[in-house]
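There are two complexes below, and they share chain A, which is joined by chain B in the first and by chain C in the second.
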Partner chain A sequence: MLSMYGLVMNEALKILQRKRLWVVVLILLVLVPIFTYAQFRATLDNQKQLGTTDWKVSVRQSINDTTNRLSSTRIPEDWKKLMRIRIQQQQYYLDHDINPTSPNGVTFTRDFMSNAVSLFIPLLIVIISSDIVSGEHTGGTIKLLLTRPVKRWRILTSKLIALFLFVSAIVVLTGIIAYAISGVVFGYTGWAYPVLTGFQIQGEEVNTEGVHVLPQWLYIMMEYGLSWYACLAVACISFMVSVLVRSTAAGMGVMVSALIAGTILTNMASAWESAKYFFMVNLQLTDYLAGTLPTIPGLSLTFSLTTLGIWSVASLLVAYIVFIRRDVY
Partner chain B sequence: MQRAITLELDQVEKIIRRNRIIKGISFSVQEGEVFGFLGPNGSGKTTTIRMMVGLVRPTAGRIRVCGYDIQKDHTEALAKVGSIVENPELYPFLSGMENLEYFARMIPGVTREKIDEVVRRVDLSARIGDRVKDYSLGMRQRLGIAQALLGDPKLLILDEPTNGLDPQGIRELRAFIRQLADEGLSVFISSHMLSEIQLMCDRVAIINEGSIIRVGVVDELLTQNFRKIIWYANPYDRAKSLLMNSPFIKVREQELVDAGIVTEVAPEHIPQLTAALVDQGIEIYGIEWKKPSLEDLFLDMTEGEHHA
Partner chain C sequence: MSSQASWRLFAVFSLASTLALAVGLYLGITDILSPSATGEWKTDKGTEETGKPKVNAVQIVALGDSLTRGTGDGAGLGYVGNLRARLSEATGQQAYVLNHGVNGYKTADLLRDLQQKEDIRRTLRQADIVTLSIGGNDLFNAGGAEEVNPEISQKRLPGAVERYKEIVKIIDSLNPKAKILYMGLYNAFADLSNAQESYKVVERWNSETSAVLYRYPHAIFVPTDDLFRVDGKKYLSSDHFHPNQAGYRRIGERMAEVIR
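Our next item is the complex of A and B:
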């Protein structure tokens, strides 16, 4: 029995030699500075509006206001809990001399992923995954690949493992590149910075009962973990498309339009609840962490994780069945 | 002496969208022979080869390599086969050596020495570090053969191996194939060119429209029945009528080659006929032995069947 290691190595070699990963890195290296600059301009603008007043004064003012409101009896108890957490957070800014209006490299890394997870990163993944099977058809090398003394399911599995490895690399690289580049402008500190999380979405309301403060490094780990899960789901679906559609260009078109349709649907379909079963509207997993209310009703973290999981398993099932049974000409 | 059988097809059939592409074909290839698979384009050659290497699933019938069923014992059967299906398509963005290492990782037990050995055998040592996209077609062909020999196969399958090669390359390939066969390898070669099969193969199976017409020893099958002689003479009509009247000769009137008269005649009658033509004052410009084309062969072989 031949080891899977050699087969996976073969697939990784092909992806690397085709310079696919470098294309992805290059895209990140070009675009991240642009986003960094945009963030920089936004910060400048923000500071100009606030005037020259010391930020510490305004944070102290805000803490005082909140504390006064806490003593009011008309405010419901769960609101009060949230307000106490806000005070805790703002006190941390004061104690650690952090200006909350000015971002740092770590905040940028965090915000970048939450903005990129539903479209930008999936597109990068499609660059790698779209020709992983169909490229062998285009080059005619599928005939060489399938006439080896190796079972077809093992060949497909080696491709899938290689793809997962590269998807993981992309998620990690995105974080590293975002941090390294934005840090030049905003500084590299901020790992311990407190972030609010623990929001629960119930129907159309955000339940703040479980809200608590996390250090930013832990939050980023959770955020990138969720993004990784979403990316693996995109990879599985793209993998199936690559098996089904023999033309790489057509396959890539299918995936890109599906992903873009997701962003359009998110903006349009707030009244259409069944739209939540599409995989592309479930990719924004980081929103559940940040406590943003989803635009399509009925979405929740468990729902999205399950939906993506089902899409992935179904895609792989189709990919394997078709690949193993197909006559190759 | 009965030699071992490396490849056996038994009533193999392929139906695609209700079309019987391959209509139940059977033949077998022995150890150490070069076996030709002859047929015009579209006759089912490539489909048959693809079934032999496990790319296409037969609708019915059985294909065995060294006794292993290609469907049931896929891995064991393919371990005995080296193949180039259609063009030698390797990864153009990898070097020759990287390609071989790539394929070595997919076959159990291929050593570094084995890779170096096949590179030497196909005479690619000088350029093995270059990318395949910079290779000539001949070099790709040789790298393809190197790849096919990596796993020490018992059966080597080459689909139209001389396509795109220059005469020198074809000659070298022929010698190489013979050498491999002498070492005990079975070599299976498909072609649509009769002359190629005649030069390279010991036995041949002839396929047309998805059926095997004949299987046999090349010399017996391809050369014996064909004594096609073309006469170039002036005046044409008188020469033709004279030849038609001779009892030793058959004029094929439906075939016209430039200004020549196409005939079938036993070679021993040619001097006598020539003398007769000269006696009648006919000027002879040339007498040509014509190798039969594949079409001639089919015409000849299927003639009886159509009339029957």
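Our next item is the complex of A and C:
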């Protein structure tokens, strides 16, 4: 009987041989330079307009712009609330002499994750996870796999562990690639730069009582840890889909559309509170660290963690039950 | 690379990643749920010396209300944008604008900003030209859907002039060299039945603020009321209060004329 170690190694090697990880790395290597360049252009453009590199000037201009947009009658009240909170936070940064967007590779790495956590990184996870079981059907290897004298739950568990290993690797690789590439343009310093966290939102006011400073490296570690949790949840759900749907392409389609539906919902559903029970709208865990207002009312860190946890456990249950009972012809 | 070696490499990398991420997750959750005020406040005072734009450039700092903001201008320039365009055209120098205008600002709001917001004070110290528009909301806009009532406006006027004096004094004390261009009020209510009364308010405000500015050698009152006397509607935007694109252009051109 094969040990669990051997089984996991076997599964990981299968994924490595399918070159899925390289596809993910390649995607990152192509897209990160594009994002870096976009950020670089935005910085240049800002400097050209204001004629100064002083960050305080550009934060003040940003506060002014938002303040003025507030007086527009065409903006929905929910967005105005978000904008007011944004203003208060930026003012807080100004008052405490901390640049919210210090221009360096580390800040880019931080911003990149907070922008990528709800859609981009989950999509990368789906690339790996979508064919982890269904790929065996496509290749016809499922019969070989299931006729071996190994209990089915052990096979599935080894696949799951392998998948989790890949999730960790992808999250960390994303950070490394973002840092390495953006550093060429923005410089590699900034690990110790202070970041403010602990903003608590009560109604329309920002409670700054708990605000404290973290060095940027620690903030990034927390941010990536939270994203990792979201990615594990995506992996579990995608894992279930891979068991249920035998075609890899169809399974991938299901996951991609679910994730994209999440971004659409967060933009639209601020009036529909029950939307918060969908896993897709809970992926933006990094927002709780940054202290931005969740787009759907009723979301909090505990709620999101619990919701994602329940979705993950339920998905795994379904996956195991179906996989163990399934007949293979 | 043999499959054994690549597995080992991968396994070590992902296990290390998993450990780091799990620690991060734990720290993140505890930090969000019970924020502890630890860590020292290392701050960034900003780049004072590079804050000043390159030599051979003109820095315009715009203060005031929606008129400074350019509300109503379809081109999005406002009088400040027009002034900037004319200036760089005429002098061949780059002109930069920092626009601190906020819709609905009254003299009290601007005064508070000038007293309290250190970053605004800093930009003023580095300015070559300061433009200013304020007072219209003090006199004619109480925030609600209020009828234009010249009598109430007359009552509010003395207090607003007092604050106006303070505002100009602060700007001058921060930067005695910069030119201060104040955009005089115009009467946007000339088509209402009480036009005569509202003209009196505008006239009184303009003469009192103009008198304030004469005390400072670099402060200039730029009249705008005459620009809206003939066929005024042509230069007002659809809200019947703010200038439109053509209106702002005329104001910007006039300001550029004044300091050329």
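Details
Throughout what follows, the second predicted complex is superposed on the first by the 270 of 329 C-alpha atoms of A that agree within 3 Å, B and C clash if a C-alpha of one lies under 4 Å from a C-alpha of the other, contacts with A are read in each partner's own complex, and residues count from 1 in each chain.
Convention: a residue touches a chain if its C-beta (ideal position, glycine included) is under 8 Å from a C-beta of that chain, and two chains touch if they have at least 3 such contacts.
None of these values were measured; they are calculated from a predicted model.
Of the two partners, chain B and chain C, it is C that touches more residues of chain A.
Within the superposed three-chain model, A:Arg148 lies in touch with chain B and out of touch with chain C [touch as defined at top]. Contacts of A:Lys56 after superposition on the shared chain: chain C is touched, whereas chain B is not. Once chain A of one complex is fitted onto chain A of the other, the partner contacts of A:Leu214 are limited to chain C, with no touch recorded for chain B. Once the two complexes are laid over each other on the shared chain, residue contacts for A:Met9 go to chain B and to chain C alike. In the superposed model, A:Gly140 lies in contact with chain B only, and not with chain C.
When the two complexes are overlaid on their common chain A, residue A:Asp327 makes contact with chain B while staying clear of chain C.
In the superposition on chain A, A:Arg18 makes contact with chain B only, while chain C stays out of contact range. The contact surfaces that chain B and chain C form on chain A in the two complexes overlap at residues 9, 13, 17. By the touch rule above, chain C contacts chain A in their complex via residues 3, 6-7, 10-11, 13-15, 17-18, 20-29, 31-33, 35-48, 50-54, 57, 59, 66, 69, 71, 94, 96-104, 117, 119-120, 122-123. Against chain A, in their complex, chain B makes its touches with residues 50, 53-57, 74-79, 81, 83, 85-87, 89-94, 98, 102-103, 105-108, 147, 151. Chain A contributes residues 9, 12-13, 16-17, 49-57, 59-61, 64, 67-68, 71, 94, 96-99, 102, 164-166, 168-169, 171-172, 192-194, 197-198, 200, 210-215, 218, 221-226, 228-229, 288-289, 301-302, 305 to its touches with chain C in the complex. The touching residues of chain A, counted against chain B in their complex, run 1-2, 6-7, 9-10, 13-14, 17-18, 139-141, 143-144, 146-151, 325, 327-329.
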